[in-house]
Amino acid sequence: MGGILAVVSHPDDETIGCGGTLALHEKESNVLCLTCNPRNRRNELERACMTLGLGKTVVFDEDSVIPKGALIKQVADIIVKECPRVVVTHLPFDYHTDHRATYDVVKEAIEWAAHTTAYPNPCLVERLLLMEVNTLIPSPHILVDVSETMERKKAALNSYSSQLSKFPWRYYQRFNDEKAALRGAQANCIYAEAFIEEPLAKNGPFYESKATKNLLR
Amino acid sequence: MGGILAVVSHPDDETIGCGGTLALHEKESNVLCLTCNPRNRRNELERACMTLGLGKTVVFDEDSVIPKGALIKQVADIIVKECPRVVVTHLPFDYHTDHRATYDVVKEAIEWAAHTTAYPNPCLVERLLLMEVNTLIPSPHILVDVSETMERKKAALNSYSSQLSKFPWRYYQRFNDEKAALRGAQANCIYAEAFIEEPLAKNGPFYESKATKNLLR
Amino acid sequence: MGGILAVVSHPDDETIGCGGTLALHEKESNVLCLTCNPRNRRNELERACMTLGLGKTVVFDEDSVIPKGALIKQVADIIVKECPRVVVTHLPFDYHTDHRATYDVVKEAIEWAAHTTAYPNPCLVERLLLMEVNTLIPSPHILVDVSETMERKKAALNSYSSQLSKFPWRYYQRFNDEKAALRGAQANCIYAEAFIEEPLAKNGPFYESKATKNLLR
Amino acid sequence: MGGILAVVSHPDDETIGCGGTLALHEKESNVLCLTCNPRNRRNELERACMTLGLGKTVVFDEDSVIPKGALIKQVADIIVKECPRVVVTHLPFDYHTDHRATYDVVKEAIEWAAHTTAYPNPCLVERLLLMEVNTLIPSPHILVDVSETMERKKAALNSYSSQLSKFPWRYYQRFNDEKAALRGAQANCIYAEAFIEEPLAKNGPFYESKATKNLLR
Amino acid sequence: MGGILAVVSHPDDETIGCGGTLALHEKESNVLCLTCNPRNRRNELERACMTLGLGKTVVFDEDSVIPKGALIKQVADIIVKECPRVVVTHLPFDYHTDHRATYDVVKEAIEWAAHTTAYPNPCLVERLLLMEVNTLIPSPHILVDVSETMERKKAALNSYSSQLSKFPWRYYQRFNDEKAALRGAQANCIYAEAFIEEPLAKNGPFYESKATKNLLR
Amino acid sequence: MGGILAVVSHPDDETIGCGGTLALHEKESNVLCLTCNPRNRRNELERACMTLGLGKTVVFDEDSVIPKGALIKQVADIIVKECPRVVVTHLPFDYHTDHRATYDVVKEAIEWAAHTTAYPNPCLVERLLLMEVNTLIPSPHILVDVSETMERKKAALNSYSSQLSKFPWRYYQRFNDEKAALRGAQANCIYAEAFIEEPLAKNGPFYESKATKNLLR
């Protein structure tokens, strides 16, 4: 309970998008990956998550991500079970259609996971952060200093030989490094990861926390 | 330093939009009002703020709100001086053009107030909340329980005789009560005020807090 | 023929969203409900509609609302058969995904129902009004005075014991009352219901009414 | 009182955009033109309006159209004085910046003209229609059959020799004809003019008509 | 290889939307039509394409256009096989839901067709142009002079007797002519067709052309 | 005549946003800078442009950038005089309000510069590219390989001692390097600059090139 849950479309998204941040909170971070094609990417994902020091990794076997009711329900079930404080997922303006669909699924799942009418022990996620894989964030809200876990982020990426081998000119390794270095320049540290903060409802009739008593505490 | 700053277009917006919330944090709340026409509304505003228990009230003398550089600078100066943790202002989809312009001014002012290159002691506002005056929020993020300060919110509204007298059928009094009662129904309390949470950048090269070290603390 | 057709996602949407308005035009109002899960809600819906004084109620048995061709066709068939002057449905910015999808379905269905190439007796709906269930309308175009049918709207809501029992603190009853009271304050009457007016094409090659001859008659 | 008021940016917009429609309602149509540069276009405008059979033509002397308070007030004053049932103006997605600004001015002016707190005899405009000058409407709501006034629309255009002479290949004459012929094809008549219908609020606390009693009458 | 590929929703869209342009480049133009209901429209389509002088015409047998993975893959396969320099398709704001979905499918297919990781011989389309069928383009980027092929565009339309017979008042023939005449007036020629230019990525890690060396050559 | 014109808000934007690209086309590139506060930045700008190898640099003396008619006219005059083939400017979603306003000014100026009715020798700009200063482009259309001019881009940045000294931790130098390195990783070269391509109208009644004769030549 608590911690960070990264909900991603494909194996390697978690490492490229937020691997340094997950490793920084390694005892408290989990990954849910919605697709896994071809199947041998599953081993790669597990090796990457182990390298990042993460606990459990859940993999669904969707062919591609479609924001349909059954998938939303499955994701909400995971959210209720893990009850993360922070969820990380893809950008709604990502160039990849699976990433955009994952954003839609996660938004809906977070809503339903919080409903007292849907779950006996609902879970109100505190923060939703959106990460950058190949599509960059124009103006981030949050820059997480990952200087101390960058080596593990790099090592985790190396698990994905099936992907890396498609780019013999080492695209993903360079991109992974340079993106973290650019965000590090903005964050005045060596390496960083960038996120958009997406506001979530905190109060309302369907949540356990129906009202706020004090804005300053 | 700290507390809540409400930046509003006209006298009475602070009472109708967030008067109960301001009264709830009375020792820590201030009001900045950008216009004041005609001038006798200034007395009404001061009486209202005193009823709400607020400290200082600053009034600018714009004719109407235009998001121009000089006004943005003046608002940023106030933010830097008071350094509120929470700023409350109008909705960007408000029906009133002054309210929409005030939102634009406040967004810019919050940005510049945080820049180390603009102020020797910059101020990074933590939260920006958007309130409802005549235009309602479709799905609020935050509902503040104002049951215990509702009487003062009602009393503060009564200061505005120049406005109330335009509606002999007591529109504003009823609207003020019923809106708080509807939000109270959603918040499972007697009276509430509704807000949208607008995410603010927390890190970056121009702010003092250039990076986040831990997302869970 | 003529009258009002409310096309809603779930049983109780018609009562909370526009029950007072339907009761006001009771002889001329019908309801089409696209989903009905679990099935016992059907009895509740029928009881509610009877309380509102409505005639026929049509229920489709979708699991959730998806804007697919077959459903659009079914809704268009109903529109052609009933040929309502006014259609009422959900908001495109409603927090509930089924409600947003219902809006999409209804927009498409109204278009096709008017085509002379699709139906031998096409129906051009005059007005499309969008109602508020849990998501509020920021600035309504229309406020219908439902003071004289409010008692029936309240009674109709009481049919939905399967829903109401989920909120032992009487959320829906209070919300139903306070929303109508707030809109009544804006409309200078006791109780009102709020709507957005969505413009519809009146002329064109696919409609029977291809041109307007006079704008002032 | 009643009738149609066309509020346009420049002399000739009224003829190209809605001249046939104005001529069709000639006894009940007026024109308000916000700019007039150079000044000799004023004579052209007056000749055009006379050809269309219109009554009074009001001309403001803005250099370009800026949606500032004073101009909005002037337009609202005209609306209150004439109290048209229908206002016609430019498209918010027009390629010309003056046209887009005129749309903004007119929307605000219609709002304020209806306020009981702003005018002792406020005017609630019934319909706002948006016309096409050089920018076309993708899917019109309304097609007005102007077959019988097309000759006058053509003749009115010929008043604008200062403009027409800039296009020795007769651009405006051909465009004026072909646009009406294309809209006529869609409207199954010889010539037509196309409009978007923009919904207007009909009820609310600031209007005289605070509520609707019946949607079907 | 090279040339123009028009990807359309229904038989006749290619003729009405861009038939004159296709005929102008007859040796280098192909058509891909995603649906064909009822089946006899296939003969009409083939006759129309022959009249326009086009080569191969590919027809898929979707019932309606849904932007799902399998269809996107099929379209990408065609793009890779033909490798057109220019793709023409529907508008994202078209009134017809199949047309909007076709736009989505084509955008995705163009992206994947260019990926070196998806195809051994990927194809980077140079230009994407969007055409007008029943929905007009407000401000076109490109006007193609089709004066010399207009007779063939008209003749091609006449192949569609199953469609034309639905409009005994000759809607489509008149619309087809007048639209080209209006666009011709804007283009200072007899007949023209209008297009929006949609920018496409030219460089990036997934394309063969990863960088631009010179912007002026 | 021909070449590239960069229109920027402040001295240093041209170097950070597109300095490498300008240096790559040094004989054919010019800079127009709309503001220059304080005045000593003018010397810095001239030194930077000399380092990049550029010819003439024009500086306007606006306090801040406001999209008003007089400024648009001044920019259009420069475009007509220089008649660049490519214009580079800021992003419409840039975090800096001057940058967004500059985008608006440039879009209008490009339109008017092309009008035969506005200028005896109008200029139709071929391409409009949007660059990244502090706000990043999510998915660029164009990546220009600036590996061979990167040293000059770095040297040009060093002219701006008044700006650089505000960031003793060398923010701008690092950001400038790492951004080019990240874009280089995507472009499979050492250093690159990223751009969005914004489509421009090529044909129409107000331009000299009223129609396109052939899409493939």
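Should a chain be cited, it is by its letter among A, B, C, D, E and F, assigned in written order, with residues numbered from 1 in that chain.
The criterion applied here is as follows: a contact is a pair of C-beta atoms (placed from the backbone, for glycine too) under 8 Å apart; a residue touches a chain by one contact, two chains touch by 3 or more.
For clarity, every value in this text was computed on a predicted model and none was experimentally measured.
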If a chain touches chain B and chain C alike, it appears here: A, D
Chain E against chain C, contact positions shared by both copies (same if over half, else different): different
Geometric centre distance via CA averages, chain E-chain A, whole Å: 39
Averaged-CA centre spacing for the pair chain F and chain C, given as whole angstrom: 52
Junction residues of chain A, two or more chains touched: 95, 134, 139, 171, 175, 185-186, 188, 205
Contact pairs between chains, per stated definition: A-B, A-C, A-E, A-F, B-C, B-D, B-F, C-D, C-E, D-E, D-F, E-F
Sites on chain B touched by chain C in the complex: 91, 93, 95, 134-139, 169, 171, 174-175, 177-179, 181-182, 184-186, 188
Sites on chain F touched by chain D in the complex: 69, 108, 111, 116-117, 205
Footprint of chain A on chain C - complex, ascending: 63-64, 66, 95, 97, 134, 166-167, 171, 175
Contact footprint of chain B on chain A as seen in their complex: 2-4, 21, 24-25, 28, 85-86, 127, 129, 139-145, 185-189, 192, 196-205, 210-216
